[in-house]
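Order as written gives the chain letters A, B and C; numbering starts at 1 within each chain.
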C-alpha cells in the first residue's frame, strides 16, 4: 500500500514507520517540555474554573537560586545520594560479579536468583525496607543486630532517624551535616543499592565473560596476584561496561523520587521531592516548572556525555 | 498498514475498557480519605443506605489523607466538578472559602441544627462570617496511659500536670519499667503540627492569633518546643518519635513500649482489641495534662482534627449533594456509628450513646478544650514551614527559639503574598 | 618425594582449600543478602499483626501462620479488597497495552532508524535517546496543566470524555516514556543483523516489510522478548504518574495501592507485605525466566548501540 509508487531506497517507508513514534513523542514530551519552559516564567496557581497566570520574568529562578532555603540543600543532598550510591553499587557490583565468575557448585542457581531484587517493584522495595528498618524492638534489622550480639538486648536503633553520621569527627562531621546527610538517607541508599546492584552485577558479568582466559593465564605466568590482575587486566577491559553503568546510573540516581517519597515523604528533600512538593503539593505550577526545568537541564547535560561516549554511526 | 490498524484497534479497545458508560440513575461523586475517622467500610455502608432511600448512585473515591487536598484543589479547577461532595479538613477552610471552591451552606443549615452543635466544632468551618461545611467528624486528641507501668513506678494514678508526668516518667526510667516512657507522632508531617498545637495550649497559648498571624514564637509556643526537646534530651521520649506518624506512635503504645502518649480517638478501639494490642486492660484513656503554671485556668488541652462535609462550588447537583451531606451528618446516622465522637450535643449527651460508649463523658470534656490550627488560606505551605523548623529543633540542629523565629519569619513572608 | 616437596604440596593444597572456603563464604553471603529481605517480606505476609509487633530477637517465625492478609486482598465486600482487585486489574491492562503498543510502534521506528535512509537521522536518534533519559518529574507539572485543559475542553463541549483518572491517560504517558527506550534497544538489535540477509530476501522478490517480517524479526526474537519484558516491568513499576493522575478504582495501579496501604491510622505491615508479595510475583517470575534475554537487551542497547 505504501509502495504503490516506487520507493527504491525506502525513504517514504521510513517516514511511515517513524510517524507514530515521532508524533507521540513530539506531542507528549516535547510540547510539555516547551510548555514547562513557558510556565517557568509565570506565576501560575489553580483557581476555580482554570489557572491564573501572570508573567513574572525570571523571578521563579531567582527565587530558587537566591532566596529559597531549600534549593541548594536539595542539590547537595541529591549529589550525596547519587555519588555514594554509585560508589557502593560499582564496588559491590564488581565484587559480586567476580565471585560469580568463579566456578563453584550451584553457580547456575545463584546466577539465576541474583536478578530477583531488581525485579521487585520500587514501591514494594521501599515499603519492605521501611518495615525492615522499623526503629523499635519489632524491627527486623534491630532483631538481627541483637541476634548477632552487635546490640545489647535492650537497645533499639532508630534506623530512619536524623542523626548526622560521624557528627563528632573533625571536618567530616560538619561537612556531612552541610551536605544534609542523615542516618535515614544512608539507610535508603542501602535499600536502593540492594535493588539495583544485581543489574550492575549482570552487566559486569557479561563484560567479564568477554575477557579471554589467556590474558589471565599470561598474567599468572608473569607472577601477578589478584589485585594486580584486577587492576591491569580486568578493570581496563571492563571500562566500556563500567562507563555505561556509571552514566546510566548517575542519571537514574539524580532523578530519585519514589523510594524517598514513600519512606520519608518530605523529610528528605532531594530535587525530585522538592519539585513535587512545590508543584503538586503547594500547587505553585510556575515555580515548580522552573525547578523541573533545572532538573531536566542537569540530566540532559549528563545525557550528552553519555551520547558522546556511546553513539556510533554504524547504521548509515 | 495492518500494524496501523492494530494500533488503532488497541487504542479503541482501551478507550472502551476505560468505561465511559454512564448509568441512568443520578450519580453523586464523593471523595473521602481512606484512614482517619470512620473507616471506608462504614462510609460505604452509609452510602448504601442513602442509595436505597433516594434511588441514586453514590460513587466514593477513597484517597490517602495526605493526598486529598491536592486532589480536591485540582478538581476545583475544572468547570464541572469531578466531585460533588468532599471531606473538608478544618485547616482548608480558609483556602477553599477564600477561593470560593466550595459552596456556602448558610442557607441550608437551620438554626435548630446550629443550636445542637458545639460552637467549638461549628466555628472550625466558618470563614469570613460564612459556614462552608457541615461538621461530620469530631476528631481530636486524647491522653493514653499505661496504668500498670504507673503502678510499677510507684504512683497510684495518671498525672494531672505535665510536670507530674515528667516525674512519673523519671521514676519509670529509674526502675526500668519502660525504656522510653513517652511516644508521639513527631515526624515531619501534619501530625507534628497537631501535637505542637496542643502542647502550646498546655502552656497556656495558641500558635496563631485569631487574625491568622503567627504568635508561636512568643512565650507558650517556645515553652512547648523546649518541653519537647527536653523530653528527647533526658531520654524520656523515644528517639523514634521523630520518625513516627500517628500509626507508628499507636504501635509503640499498644505493643507495650510506652507509658504515655496522645493520639486521635481511633487509638481507643485498637488499644482494646486483643487481636492487635498487648496492653488490653492496662491501656487507659484520659484527659491530656497541662503545665502546672496554667492548671488554674485550664484543666486540660487538646487539638482539633475536625472534618466537615462540603459541597463543591462547581457541582451541578447541589441539591442532591446537600441531601447526602445532611444524611451522613444526621444524628440518626451518627448515633449508629459511635466508634467516632458524634458532632451533635444531643447525641453526645444521650443515654443511648453513654450506655454504648463508657468514655463519652471524658471525650465530651476533652473536646471542649480543643485548640485549632490556623485558618489561613495557604495552610499547606504554612504548615510545611512550621513542620520543618520544629523538626530541626527536635533533631537538635537548631535552638527552639531560633527555629521558631525563623519559621515565623518565613510564614509571614508566605502570608504576605 | 622428599619432605620439602611434600610440605609445599600440602601448603599449596591448604591455600587452595582456604581459597575455596573463602569463595563459598562469599557465595553464601551473596545468597543471603539477595534473599533475606524478600524472605522477610514473605514471612511477614503470613504473620498475624500482634505477632508482627513482638520482640524480633526472639520472634522471627509466626507461631500461628495465617493467610488472612491474602484473603483480605481478595475480599470484595471490603474496601481494601475491592481496591486491590481493581488495582491489579488496572496494572495488568495498562502494562500489557503499553507493552504491545511500544513493541509495535517501537520496532517499526527502530527498523527505519537502523536500516533506511532518514533525513536528519542522527538528530532523531540523539533526541530519542535524550528523551528516554528525561526524568518524569521534569514533565509532571506541564502534563498536569495540559491534561486539565484538555478535560476542560471536553467538558465545555458537553462531552463526558476525560483523561484524568483513566487508564487511557496512563497508557499514553507510559508509552511515550518507554518508547524511546524500546527504539533504542531494538535499533541495537537490528544493527547486529547483517544487512546481506535482507538484501538476499529482497532479491528473491520480498518487499522491505516482508523481509522485515520473515527474515529480520525472527532473528531478533530474543530482542523482542527482552524489550517486551523490559517495557512491561517499567510500566508495572511506575509510581509518580500514577500518583498524580489516578484517584479512583477506575485507574489506580498496584504501586499506588501499595504506597497508600495503611497510612495515617493503620500501619498495616501485614497487609503491605501480602500485597507486596503479590505485586512482586509477576515481575520476579518474568525476570527470572527471561534473565538471559534481559541482560542481552540491556547490553545490546547500551554497549553495542
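Keep this in mind: a residue touches a chain if its C-beta (ideal position, glycine included) is under 8 Å from a C-beta of that chain, and two chains touch if they have at least 3 such contacts.
This one's a predicted model, so the numbers in the text were calculated from it and none came from an experiment.
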Are the chains arranged, by touching, as a line, ring, star, complete graph, or other? complete
Mind naming the chain pair that shares the most C-beta pairs in contact? A-C
List the centre-to-centre spacing of chain A and chain C in whole Å, with centres computed as mean CA coordinates. 15
Let me have the rounded angstrom distance from the C-alpha centre of chain A over to the C-alpha centre of chain B, please. 36
Two or more other chains in contact with one residue: find those residues in chain C. 53-54, 105, 108, 144, 148, 152
Quick check on chain A: which residues sit in contact with 2+ other chains? 20, 50-51, 137-138, 280
Of all the residues in chain B, which ones touch at least 2 other chains? 7, 66, 74, 77-79, 251, 255
For chain B, which residues are in contact with chain C within the complex? 3, 6-7, 10-11, 14-15, 17-20, 22, 31, 34-36, 39-41, 44, 59, 61-67, 71, 74, 77-80, 82, 191, 245-248, 250-251, 254-255, 264, 266, 274-278
Given the complex with chain B, which residues does chain C contribute to the contact? 48-50, 53-54, 78-80, 83, 93, 97, 100-101, 104-105, 108, 144, 148, 151-152, 155-156, 160-161, 164-168, 171, 243, 247-251, 260, 262-267
Which positions of chain C touch chain A when the two form their complex? 20, 23-24, 26-27, 30-31, 33-35, 37-38, 40-41, 44, 52-57, 59-60, 105-106, 108-109, 111-119, 121-122, 124-126, 128-131, 133-146, 148, 152, 172-173, 175-177, 179-180, 183, 187, 191, 207-209, 233, 236-237, 239-240, 244, 254-256, 258-259, 261, 269, 272-273, 276, 279-280, 283-284, 286-288, 291, 294-295, 298-299, 302-303, 305
For a test of understanding, state which residues of chain A touch chain C in their complex under the given definition. 3, 9-11, 13-15, 17-18, 20-22, 24-25, 28-33, 35-36, 39, 44, 50-51, 96, 99-100, 102, 104, 106, 110, 112-124, 126-129, 131-132, 134, 137-140, 142-144, 146-147, 153, 194, 198-199, 202-203, 206, 240-241, 244, 248, 251, 254-255, 257-258, 262, 271-272, 275-276, 279-280, 285, 288-289, 292-293, 295-296, 299-300, 302-304, 306-307, 310-316
Write out the stretch or stretches of chain B touching chain A in their complex. 1, 4, 7, 66, 69-70, 73-74, 76-79, 99-101, 179, 187-189, 238-240, 242-243, 251-252, 255, 257, 313-314, 378, 380-381, 384, 391, 395, 397, 410
